[in-house]
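Data first, discussion second: the structure below is written as structure tokens.
Chain naming follows the written order as A, B and C, and within any one chain the residues start at number 1.
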Amino acid sequence: MISQERIKEILESYGGEITIGTIASHSALQILHGARQEGFDTLLITTKDREKLYRNFNVANFTLFVENFKDILSSEVQDELIERNCVLIPHGSFVEYIGPKNILDKLEVPCFGNRLVLEWESDRRKEREWLTSSGLKMPREVKPDEIDGPVIVKFFGAKGGRDFFLASSEEEYWDKIRGREKEPHVIQEYVVGTRFYLHYFYSPLNDEIEFTGSDIRYESNVDGLTRIPDWEKYFSPTYVVTGNIPVILRESLLPEVFEMGERVVKKSKELFYPGMIGPFCLETVCTDGLEFYVFEISARIVAGTSLYVWGSPYTWVKYNEPMSTGRRIALEIKRGLETNRESELIW
Amino acid sequence: MISQERIKEILESYGGEITIGTIASHSALQILHGARQEGFDTLLITTKDREKLYRNFNVANFTLFVENFKDILSSEVQDELIERNCVLIPHGSFVEYIGPKNILDKLEVPCFGNRLVLEWESDRRKEREWLTSSGLKMPREVKPDEIDGPVIVKFFGAKGGRDFFLASSEEEYWDKIRGREKEPHVIQEYVVGTRFYLHYFYSPLNDEIEFTGSDIRYESNVDGLTRIPDWEKYFSPTYVVTGNIPVILRESLLPEVFEMGERVVKKSKELFYPGMIGPFCLETVCTDGLEFYVFEISARIVAGTSLYVWGSPYTWVKYNEPMSTGRRIALEIKRGLETNRESELIW
Amino acid sequence: MISQERIKEILESYGGEITIGTIASHSALQILHGARQEGFDTLLITTKDREKLYRNFNVANFTLFVENFKDILSSEVQDELIERNCVLIPHGSFVEYIGPKNILDKLEVPCFGNRLVLEWESDRRKEREWLTSSGLKMPREVKPDEIDGPVIVKFFGAKGGRDFFLASSEEEYWDKIRGREKEPHVIQEYVVGTRFYLHYFYSPLNDEIEFTGSDIRYESNVDGLTRIPDWEKYFSPTYVVTGNIPVILRESLLPEVFEMGERVVKKSKELFYPGMIGPFCLETVCTDGLEFYVFEISARIVAGTSLYVWGSPYTWVKYNEPMSTGRRIALEIKRGLETNRESELIW
């Protein structure tokens, strides 16, 4: 693992002059646009085929071409990024393309946030430990003889969320699993309700949680299927994210929403010092009893925040000026620089 | 009932200096934020557990703590509110927590709008009379032998909208109701189509209806169910509001939408002088024949307007500046004060 | 067909002073509001019953009343429009009410864009030729013995999209079509996925495609049906557009989205000189393999853009100021006027 000393050393070498960079995907438009709003120069790391899009939107001061995104790990690219005083903003695709282990072991370029979160987020058991020990509710995992209501049975493996079935009794479970009993799978209480992807920002500089918005993922093919009569006869549902739809929450749910965010951050400080920094997202379902169940945490900017390039209903109340998550990140870095605390944001 | 004289007397005692207040729920963020935009001081009435949320958003100049929201009726709290020249903005939770009868009989603090609307809105028969006599279409209520298409049969009682069944013939009705014939219920034509919660604002100062936006309620568990194959086998739908999704209307529907709002306001002036004031919402379904059926009216700010803290597509056309419903209320009060007509807004 | 010479002559007679006009429907609020933002005088052509709506929103400098919208073809109305230096902005209802052939043959008033697109868009075969020769994927049309998965069988005729059935094998096809084999119909591969109505703007002045946003159509009765248990037993789905819901796309899909827009424009220049101008929309479905299938093209402003009167997430990144499609059209005309190139925008 790259040492903290090395990263802080590089950051120090920037002498307070920072260029904000990211790779050309996920929420890069918003990240670079937000950085510009706060007065930063911006750098885009891109493959040839994607460059045109970002040029059209004119969000990058510098463009660095790579054959594929993993090349960011090469010493040439890292040297150039460091040369340009680059702080990288990691996003979901950033982690997916480069790999959490590679980021921890090979990426010296300073990244906004705490790298250690990658260890807790990318391991499903550690993630469950973090969330449940924060007091958040997650769907129960049960044994066949504990089935006392609808459950979802998920097979592990490469089918991208397609390999599962529903059951509502032990009998139905044994009936449907016949012949595959030995395959690794999990039986989970099926929690139904409205999906909310809750966007947060934690500022270590002022030790405050902000709730910045929420979205609903728009998934293919399932969100097209339901309009077809008797679709179950013709199609199987799949859950590939293709976009995001804006949504607000019933205001009386917000105290609980804040509480969940605070607990997760508080616990993160115990689990991986100095804990989580910046934007994160809780993927939840809200039951008809108005209880939130959390399925996952994304410990960085999520794509749904790009709905709010010009601010969400929540950020408008708080800021009275356009404040995207991309801009909020840049603002935090700017405040860090202004108070010589930028090293508290980058681990 | 508190007399008009008493209320106007208190309002007069404010001497044109008004603090805008509401209780910590529903659309309080938007109401207080909007009041601030128009230059008012703001007051939040809150329980201990909710205060943190509103402090995080920094929307209140004064915070008044209560054990529970009904304490607002105590003379101590009322005295303090009056002392602070408070005009309360009622919202859905405000009415629910305090109770329409308590507001009419015990709340002396001036409230924006016409209290008398509470009598027409909280009684389902009077509400139906108001809406149908305004020329709005509502779903027909039918007798068993009049069933000539899909109907919904709703049992009255405490199950929160869960106790109903569908039928499409008299035979199916008798078949499904067997054993419960004596329980109070209503058979209603089942009107299907797209749901639109239509937001209006009526200004008595300039005698004008504004159409300010619309939303779709995001309800648990039903809005999560439909993505599950054969969900009917595993779950029963429930319809608990958890959030709101933005939507605009086909522009050619807007003349009808305006007309509906105008009719409801016109009729309200006949039914309860001086009629409805400020924001209201018609809860509608638009059929595939492009006809609107109204299910309910909310005679005050609805939660869906909080989607538009920074303005809706409609308010942007009209105002060219951010205009939430919360701000629009404050603007109306400000205009009232500027023209010494504030007493026309508070009954 | 009205000659290009005649149209350019009229445009020239305006002497660089233009009033932007349209008819009272579809996206007229946005068009006139946007024109005002760019400093143009605006003109509304309206029937008596619709005028009130537009007056309420105060978007028109001049109002021209007609008995019905086809009267726009009369020489009196055309003379008045020309007298007032009017450039018309065509929208979907504009074309529907007046008729593509009438526009081509009888409307001398200059219209923003290239009229010739009407010939390619209103003829389903030519439209398919345009889109497929641009390299866009459309759902395959198949013969009964080619059915190898879910297909939709659509009967042609006046039932407004209600007359269709699904099948997943040749056998099921023959079974369901029995007795109607002779009626004209098409068998189409059923492509399922998430619907995206993709909004573009092509500027001939700077030869650039802009991606300005996307929406999901909110259709009655289908979007109300799916919440009803076993709805197929009680109702048949219909697909009448009643509104629009905002949506953004997964950012990694945007390069493909741009590419599709560019190809369509490039091909249009070959097919009907000088090709497409201004706003257009591709109506797509995105599969769970992240492939776009195009169902239709709208070669002008679409109603879904009215979600973004104050800008979309995409236009905010690009412009950093409110930029609706209506305003973007006006901006293009203004830039045309400033560079004496306005005649390149009007054919």
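Definition applied: a residue touches a chain if its C-beta (ideal position, glycine included) is under 8 Å from a C-beta of that chain, and two chains touch if they have at least 3 such contacts.
Note that the coordinates shown come from a computational prediction; the quantities given were computed from them, not determined experimentally.
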| item | value |
| --- | --- |
| Relative orientation of copies chain A and chain B, as a Cα rotation angle in degrees, nearest 5 | 120 |
| Chain copies touching (chain B, chain C) - same or different residues, decided at half shared | different |
| Chain B and chain C, separation of their C-alpha mean positions in angstrom | 35 |
| Of all residues in chain C, the ones touching two or more other chains | 223, 225-226, 245-246, 310 |
| Chain C residues touching chain B - in the complex, by the definition given at the top | 25-30, 33, 37, 49-50, 52-53, 56-59, 93, 218-221, 223-230, 233-235, 238, 240-246, 303, 306-310, 322 |
| Complex interface listing, chain C residues touching chain A | 150, 166, 168, 190, 192-196, 208-211, 214, 216, 222-223, 225-226, 231-232, 236-237, 245-255, 258, 285-290, 310-311, 313-314, 316-318 |
